[in-house]
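In the two complexes that follow, subunit A is the common piece, with subunit B as its partner first and subunit C second.
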Partner chain A sequence: MPLEQKLKYEAERDVKFANWVTRETGGENLRHCIQCGVCSATCPLSLYMDYTPRRLINLAREGFKKEVLSSLTIWLCASCYACRVECPKKIQVTDIMYLLKRRAIQEGVYPRHFPIPVLAKEFGRMIFLFGRVNETLLVIDLFLRTNWFRFLGMTRLGMNLMRTGRMSFIPEQIKRKRELRKILAALDAEEQKESAL
Partner chain B sequence: MAEQKEHQNGIPRIGFYICHCGSNIASIIDVEDVRKYVATLPGVVVSRDYKYMCSDPGQELIAQDIREHKLERLVVSACSPNLHEETFRNAAAKGGLNSFYFQMVNIREHASWVHEDKAAATRKAKDLARAAVYRVRFHQALEKRKVPVDPNVLVVGGGIAGIHAALTLANAGKKVTLVEREATIGGHMALFDKTFPTMDCAACILTPKMSAVKSHPNITLWTYSEVEKVEGYVGNYKVSVKRKPRYVNEDLCVGCMACIDACVFKEPKFPDKFNQGLGKRKPVYIDFPQATPKVVLIDPATCIQMKTGKCKKSCADACDRKAFDFNQQPELKEIQVGTIVLATGFKTYDAKRDALYGYGRYPGVFTALEIERLVNASGPTLGDVVLRDGRHPKAVGIIHCVGSRDEKTNKWCSRVCCMYSLKLAHLIKEHSGAEVYNFYIDMRTPGKGYEEFYDKLLAEGVHFIRGRVAEVTDWAMTPEEQGKLVLRVEDTLAGFVRRIPVDMVVLATGMEAQADAGEVRHKFNIGCGSEGFFQERHPKLAPVNTFTDGIFIAGACQGPRDIPDTVAQAGAAAAEALVLIDAGHVELEPNTAHVVEEECCGCKSCVPLCPYSAITLDEAKKKAVINEVLCKGCGTCVAACPSGSIRQNLFEDDEIFSEIEGVLAQ
Partner chain C sequence: MKYLYFPGCSLKGTGKAYEESLLAVFGALGVELQELEDWNCCGATAYMSVDETKSYALAGRILALAERERLDVVAPCSACYLVLNKTQKSLQEHPELHRKVTGALQAAGLDYKGTVKVRHPLDVLMNDVGLDAIKQKITSPMAGHKFAPYYGCQIVRPYATFDDQHNPVTMDQILQASGAECVEYPHKTRCCGGSLTGTVPEVGLRLAYILIKEAKQRGAEAIVTVCPLCQFNLDGYQDAIAKKYERVDLPILYFTQILGLALGLPAADLGFKRGIISAEAVLAGR
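What follows is the complex of A and B.
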């Protein structure tokens, strides 16, 4: 196993990133965190996380951008809001997870073969293309990008679903896709501007 | 349950009572067995056990038995006499018996709480009860002594605790003498800029109280003075106070400070103690503009006239009130007081002891008290936060728990450092705009508005890093660390070790007992804990009393505490003193020694031994005489008398020998 330096220099901190998180909607209360850890303790998924939510929040407000954006934590969050309910300082932990997910996708630092970010990204792409999500295409896309081996095992189930009319290859579309794309593009631009700050 | 019988040939009729103390005693000692056993002893006519002897029905039981069974002596086996001796003495009196025909046996602290073997503990309880039953036969009827309480009070220490206690007592109409070692009152609080968590300015709330002390008709203020000697006892203390020479007549000086301008040293040259050495002062100086009393003084170690006698004395020439007196001598004053409030305060931990933090080695390392002066608008930099080389810091690290919570130095938590570190973090950020890091082990903010203050600091974007800093070093490992002080710390919440370069390091030093606390303790004959702070009589129920009656403690001399707690405690100490004063007298134990004149040979062995100077020799009769008022009943003279002619109430030979006989009998 190669040895890796664990010590952190102050230069590795990205103050801009820390400021960005606290400025974003949902991140306002981040600095009030007293690191009690109740978020991690209530989280049903923290047992699989590389950084517990408490630790992720600490890293985020100190500006350890690389660690935060490449963590599995943000992708494991199931948005159950248990942490948000329990937090004594009313920190919007789940919203912060969303913020960080978006940023990770934007910066392309999400784990490539981990299905959740891929799903999130493909979901968004499909909305952009059709205005609606087509399960068949989404699932095929997801499996081919992450684990195409598994896809082969799933073909039979897929055939059955298609035969009974539960799935279709023909994507549903909305009427004025152009307008939706305009809205999405505008939101994207806004986000880009904000994260550049 | 009880055994009763009729008695008896010449032996006084004794009543014996054993307490279960719930299960405290009864779970280890077979109280019924003890009761039955004691009933068989000579003289015992009533023997009872009861769930709680100290309860009202328990006491009533005793009083009733005394009347019904014509009891002449009383023995109670229960807890420590420290707790309930007075209770049972009163019960005896209620039944019409002299209070001192009573003996208490402690079978809780001395038996049930300290033993596990039930049979052995029961045996011990029987032995102790037997000793008391044997002893009590020889008890004599005694009366408590009443002595008047002098209404004057001495307050030692002119910090916020002493100031508040003195003002409270003076406002109640009592004459108070306030003695302060330094040239001005105000103590540590006078050094602070702001006070947490309200951030009101320390001087603005302190100086009105200081001038109230100065102008109060009931307060005599002696600064630059120290208590030399304390004699006497509760209600009647004689105190000698040494007034150190200022070389300026305090009554003449009005604090115009013309002398300071006129001093032959054109510029201040010597380290200013008040400003923690960050500023300079002249040999003739005043600590700060609101010093109380506003009187200058001369530092004989730096003054040319004092050192060589060959100065122009331009200071004295500049004084149009002729207040200078270079030949002033220390003056010894004696006062009579009834009660004493000790408010001698604390000292801060010497940061040099933590060598790895580099205080005294790196100029960028400061103590918190130094920062208090730096952020203070009337401090040496007028509130500008600058490093010793004049640069403004861009990043500041505050290290908590320096000299606290450390088995190597001080084990205790100093209670105030978390809060003052938060305050300093806020002030430094406000004054310099620097990035501020707090390194803490636990954040301790218990107090009204304290947690809210912490929350405010979190919101201000001050960094909180949970971890004890291992080292402050100037050894740079990256270009960004060049020329900086680097703190190495495990960020235990982030889960890795970090190196954080800063320009200024603030050491949040803890609170310790004063360097001379031991000396003061001996002077006033009070106790202290292992950490050197003065010992209260009871940590919960008598927090301002000491084991010496009439001497009270207030403020940080008793343990680390902040201003609100100190003021509350000072008020409590004043109230306790008022209790004694307004009662007018105190009752003393009649355990004094007395000389049997016919047997005394006048050898004078006892005279120098008495620690309270209570014994004198009647020259005419050549016999020793003991002043009953001064005698504290220590028994030294009783043991030392070669002819055995000194006796002591409650400890007569008969009583002690029969007690020994009783404990050894089968």
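What follows is the complex of A and C.
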């Protein structure tokens, strides 16, 4: 039987990472967490998570970067905000999940073939192209990129949506796509300026 | 009474029945909706996981376009409603974010001041039109029908703008004004699983199943909702739920469809044919 380390060591902490979290929007009061567990108790997804929200918060503030960024927890969070409204210390758990998701995508450490990060990225790409999102095309693209086998299992749903006129294969587009691109380009320029500092 | 209308992507796609019934009901109540010109996607929950500033800028463009019209914006989709509200709040609270987003909008000739009011159709119906005015226009009350009122997450969380956060009642009141009965439904604000139904079905389907099953056990003949994603999850995946758990067969309707029937509007104008689970029993005799 392979031996596995069960306890975490001081030396494995990345304090810079923890500090980064507290500087991001939503992460400011991370250190106020009293580990009461209300977030885990309220979260409808916690029973599927590898770390419950309470544990994830603790790992994040102690700087266990690898565990946090490669966790399934952040991708299972459905942004329902139940934890956030119940937290006695007003920790913005949902926004912390968001900022960790962004960092995981940036660092490319999200679980492979777990379709949620792929969905998120694809969603963004579609907005840049058309300004709007066509759900039908989004779903097809998602399954082709991750698990087109499962797509076959979805054909029943597809046929139902077709029958009820809820599917469309023509992307809706905005008229002033240039306006949208200018906005995004301005933000890209801003970001470059920042990273050059 | 006139408002700007921000449909968002869902109401033009899988949530068409919501748009159809909403426009019919507002029309019947004399409320004018003017569709926001050249609106873009709000980014929903997905894009916030990719890029924060750009997400806020997407929503910022919508708000800036709306400000030009000097009208309140009605956002019927729960995700859009939250994104627009959250954007205004976050830009107010974080000066650095505000600077970046308004700067980028200006580069495209858009001006964001943060002055526009984002409203939910339930809020408009309750607080601007008023229950009494609605009751006066009810011609075919939904007597004898029992529904489970389901609000989902994002219109009451994290901000409770016009209703109670833990036990919202505005939709209950509108359904009751329509002559229907509401069953006690403790899951009214429980999460439907969002996009997990499609992406991680082993998890998402269970969340949806719990909601449908509970409503059925409580004696509801349909779940009535305010959110296109909730409607899609609960209606569209019942075949998959039948395979994995059991067949429940519960219609999932929008509150505007029920109110529309009570206002005497023909079912054909209210998007009933778009439900995957047929709502025949609700329509019986109409």
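Things to note:
Just so we're on the same page, the second predicted complex is superposed on the first by the 161 of 197 C-alpha atoms of A that agree within 3 Å, B and C clash if a C-alpha of one lies under 4 Å from a C-alpha of the other, contacts with A are read in each partner's own complex, and residues count from 1 in each chain.
Throughout what follows, a contact is a pair of C-beta atoms (placed from the backbone, for glycine too) under 8 Å apart; a residue touches a chain by one contact, two chains touch by 3 or more.
What you see is a predicted model; the values in this text were computed from it and never measured.
Once the two complexes are overlaid on the shared chain, A:G165 sits against subunit C while remaining clear of subunit B.
In the superposition on chain A, A:M1 contacts neither subunit B nor subunit C.
For subunit A, the partner with contacts to more residues, out of subunit B and subunit C, is C. In the superposed model, A:N58 makes contact with subunit B only, not with subunit C.
With both structures placed on the common chain, the touch criterion links A:A78 to subunit C but leaves subunit B unconnected. Shared interface residues of subunit A, touching subunit B in one complex and subunit C in the other, do not exist. Here subunit B touches subunit A in the complex through residues 443, 454-455, 458-461, 463, 466, 477-478, 480-481, 491, 493-501, going by the rule given at the top.
Partner subunit B is touched in their complex by these residues of subunit A: 6-11, 31-35, 51, 54-55, 58-59, 62, 64, 89. Subunit C meets subunit A in the complex at residues 9-10, 12-16, 38-41, 43-54, 57-58, 60-61, 90, 94, 97, 100, 103-105, 107-110, 153-154, 157-158, 165, 190-191, 193-196, 198-201, 203, 207, 236-237, 239-240, 273-276. Across the complex, subunit A meets subunit C through its residues 25, 44-45, 48, 76, 78-82, 84-85, 94, 98-99, 101-102, 105, 114-117, 119-121, 123-124, 126-127, 131-136, 139, 142, 150, 154, 156-157, 160-161, 163-168, 172, 174-176, 179-180, 182-187, 190-191.
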